[in-house]
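Here it is, the structure in full.
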Amino acid sequence: MTEPVSTALPRDRWFVAAYCREIGHELFSRTVCGESILFWRTRSGEVTAMADRCVHRRFPLSQAPTRLVDDRVVCGYHGFTYGADGRCVAVPGQTRVPRTARLARYPVVEQDSFVWVWIGDPGRADVTTIPRATWLNDPQWTVVSGMEPLRARFGLLVDNLLDLSHETYLHGGYIGTPEVAATPITTEVDDDAGVVRVSRRMADAECPPFYSRSTGLSGRISRWQDIEYFPPCLYTLHSRIAPLGSVPHPDGSDPDAFHVEVVYAITPETATTTHDFWAVARDFARDDQEVSEFLAEQNRTVVLQDVAALDVLEQVVATDPPGSQELSINIDTGGLAARRMLAAMTAPAGAATEVGAR
Amino acid sequence: MTEPVSTALPRDRWFVAAYCREIGHELFSRTVCGESILFWRTRSGEVTAMADRCVHRRFPLSQAPTRLVDDRVVCGYHGFTYGADGRCVAVPGQTRVPRTARLARYPVVEQDSFVWVWIGDPGRADVTTIPRATWLNDPQWTVVSGMEPLRARFGLLVDNLLDLSHETYLHGGYIGTPEVAATPITTEVDDDAGVVRVSRRMADAECPPFYSRSTGLSGRISRWQDIEYFPPCLYTLHSRIAPLGSVPHPDGSDPDAFHVEVVYAITPETATTTHDFWAVARDFARDDQEVSEFLAEQNRTVVLQDVAALDVLEQVVATDPPGSQELSINIDTGGLAARRMLAAMTAPAGAATEVGAR
Amino acid sequence: MTEPVSTALPRDRWFVAAYCREIGHELFSRTVCGESILFWRTRSGEVTAMADRCVHRRFPLSQAPTRLVDDRVVCGYHGFTYGADGRCVAVPGQTRVPRTARLARYPVVEQDSFVWVWIGDPGRADVTTIPRATWLNDPQWTVVSGMEPLRARFGLLVDNLLDLSHETYLHGGYIGTPEVAATPITTEVDDDAGVVRVSRRMADAECPPFYSRSTGLSGRISRWQDIEYFPPCLYTLHSRIAPLGSVPHPDGSDPDAFHVEVVYAITPETATTTHDFWAVARDFARDDQEVSEFLAEQNRTVVLQDVAALDVLEQVVATDPPGSQELSINIDTGGLAARRMLAAMTAPAGAATEVGAR
């Protein structure tokens, strides 16, 4: 028996704040881990990220009538004006600008179609530690994607995605078939690399509509689900659909199979709300707009089924009496490993040091 | 001067959870005293009551796509499956079902048209202590009934129903006349039997529309209101309407009078919300559908007048500064006795024992 | 760096509760500093103010079906009846009225078109300390006025009104021009008189639509803004608009100028909501209904711009992590002085005495 997932938020980590396509030369605000962040793209094309609070009276700079004048943000309340580096360059009623008047900036990187932002101590931000989802920005793959707001703590979505047995019940008729729940999983936890792997290999399975209509396969199939979760934010599902008996060639090529990379970026908005970014990349029917539309609509529907269930579950977990317990079984191995890794990321630094000093 | 009614909830007591007619072979959920309970009727016709939370990840079993397959509940999230006795009989990804996987069951009884459920230690549930409202399931009586949700602590409704002087003001034009507020009451408290009795005998009173249109009486009447409240849940009002001067015969028969049994089941949903079950049974015009419709519509209107007033009062009591006081007078004797009996039911067991040991 | 404005409320002070025109021979309720107050005008024309809570079960007396019968309030729940002096004169079911049954009354004064009410110890209420806004009830002036509800702590509105540099940004196209933000202010704080004065004299300024369309002036103007704020509630802005170079005559007359008295009464409803009373009095175009309509519509629009900004700001201040800071500059001198005076009014009496005793 274990406690339900906590609402604690990791710090000193990279999170996906937006798709690159969302940020233009307009003020854009998104809250990540409880921090309200202002994003915009400079005239030269760089994304900038700074605190969405005027230093003067904390007016949100994303709020009209605040506006962008060239590469400067002019606060809509009293006109405090900031450059792309966050420095205040003008204030009302006086020519001297206080030396300390500057907005906190966030380390920010565009990679694999996402805008990644660092939450925590900027001095610890290392761009090489951002996990990759290269398919999302690779001409060999065709991608559909979106984001749905979730009114639940992000750990509930991590739980959900690491245990795909729920496809059979919550997503029956879309991506679930009896074999998903029935097939045992293998789980691998690599604490050093910071990754949880969960695999389910179905040698002889029904083909759900999501795959039959997109690949054209009918009848029984071989279906592999290989999850890699890089806590806290990036989740990838390597999905392989193939005719019965087909396996990849010894050289690694796999011409008879259809590959789908399902990517989720799980970004806490607040302690109890989450940005649920989802993307589906495929290596087949790449120019078929109908398949793109079908997969986009299907995956969005599946995500909204998760959202409906987890919104309800958040209310349950938030309002049930303290001490309520959960019972875990084999399918939860990956999810429980993820919880442990997330707990370590949210433990106060002092606590971790103390343990290390013993 | 006294404190406003508390939000504490009794435990180890029977409560009305539903009308029998509400429970069929479909999943049905109702929260009683803060506990979310799943009800359904087996193929053999028995009502079963169990915790509305899957043991795995606490998903509410009343929530779609959870469904009933024969006499088994299949959780809509990961497919944990439960029998009518609450035992888990199947889980995903493995054949072994953990021994501890079972849902807490609630003692449940169908009686007098109500589904009664025991909240507290199941070992202490004694079905013989459930108070009776036999008129509701007796061919000699015709009944109309309903339930209205109240966004107020249940003690406010107890207060309301034990002091009917409010009929004159809040329900004028329906059931109130000047005599209700003007006539003194007599109150009897039987702590051993667990009942509060409040009587008001109006020898010469105006006949309100509720009774004139249903009985056909016009002009002045004799009107008796004899309340019996069995804390915490069952309230009955024995109402006798008769021509002036008419009294029951020495043998107990009462052929000139019209009798109405007004029954309320006052069930806390949470500490600050209540299920307000109401029923009106009569021994006259028993096959007159028009009278049934009239009394149902009138009583529902009266209940909604209470609901409107008590919803407002809940906000007042919940948000006024602590230390706010009430002033009680004679009409409050029954209500104050009820509060004392309810307080004893909510006192921690240790506290009661300690007092007894002295 | 300073903390954002507090939610503490002054006590032992006069507040504007309503316009005189709002109170007739009907029950009227308004919450001031968290106290729900019942107002009505007696048959002889006097405004009376008492607690909006029946002494019996705390039912709000402003709530239907409570009604006024001649000069008595009859509670709509159980019929407790009160005179204009707050004394209970009738209760249900008994002829004796408890001696302590009376509603707390509030000192109340009608002055300058406002109903002023004293919040705090009634024994300390001194009507001579109510600040004046005589223009609002003077036949030499024409007035338009209104009130908008603000979902923000009252200190945010005090801040807003004491720093008019925001007109340039938040109210551009209405009352703001570049000169307002650009022109330095002079600030005077008179702690003994309890007034903060902020002046901005613009010798050569653009004429904003608010003034050009109402006065008929076009081109550049001389514009003076002289604020007097009498904490906690009354704010007056003496606005002088004149042709370039025009100054008042040595004898005090000022025939070439247009004068507008902008009055705000800033009344806390609760710790985080505010009644934003606004009035605009003018000494020109006094019978011109079109000018009246124009100024009413314009000022209401300006107030609603403030409301929109401050409603957002309240959410920011209420939900941002504790320890969030503000940075103040010259334009904030008046606002910071006001905060200090308000803090002194909310300090516990003991604390103040201790300081005085040293």
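Just so it is clear, A, B and C label the chains in written order, and each chain counts residues from 1 on its own.
The definition used in the following text is that a contact is a pair of C-beta atoms (placed from the backbone, for glycine too) under 8 Å apart; a residue touches a chain by one contact, two chains touch by 3 or more.
Which protein is which chain? UniProt says A, B, C = Aromatic ring-hydroxylating dioxygenase subunit alpha.
Here the structure is a predicted model, which is why all the values come from computation and not from measurement.
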Exercise for the section: Specify, for the interface formed by the sequence copies subunit A and subunit C, whether it is same or different in terms of residue numbers shared by both sides, with half as the dividing line. Expected result: different
Fill in the blank from the handout: Between subunit A and subunit B the C-alpha superposition rotation, given in steps of 5 degrees, amounts to 120
Fill in the blank from the handout: dist(centroid_CA(subunit A), centroid_CA(subunit C)) in Å evaluates to 48
Problem - Residues within subunit B bordering two or more other chains - result: none
Handout entry: List of subunit B residues in touch with subunit C within their complex
Key = 1, 4, 159, 163, 165-166, 168-170, 172, 181-185, 309, 312-313, 316-317, 320-321, 324, 326-331
Practice task
Note which residues of subunit C are touching subunit B in the complex, please.
Solution key: 34, 36, 53, 55-60, 63, 65, 74-79, 91-94, 98, 100-101
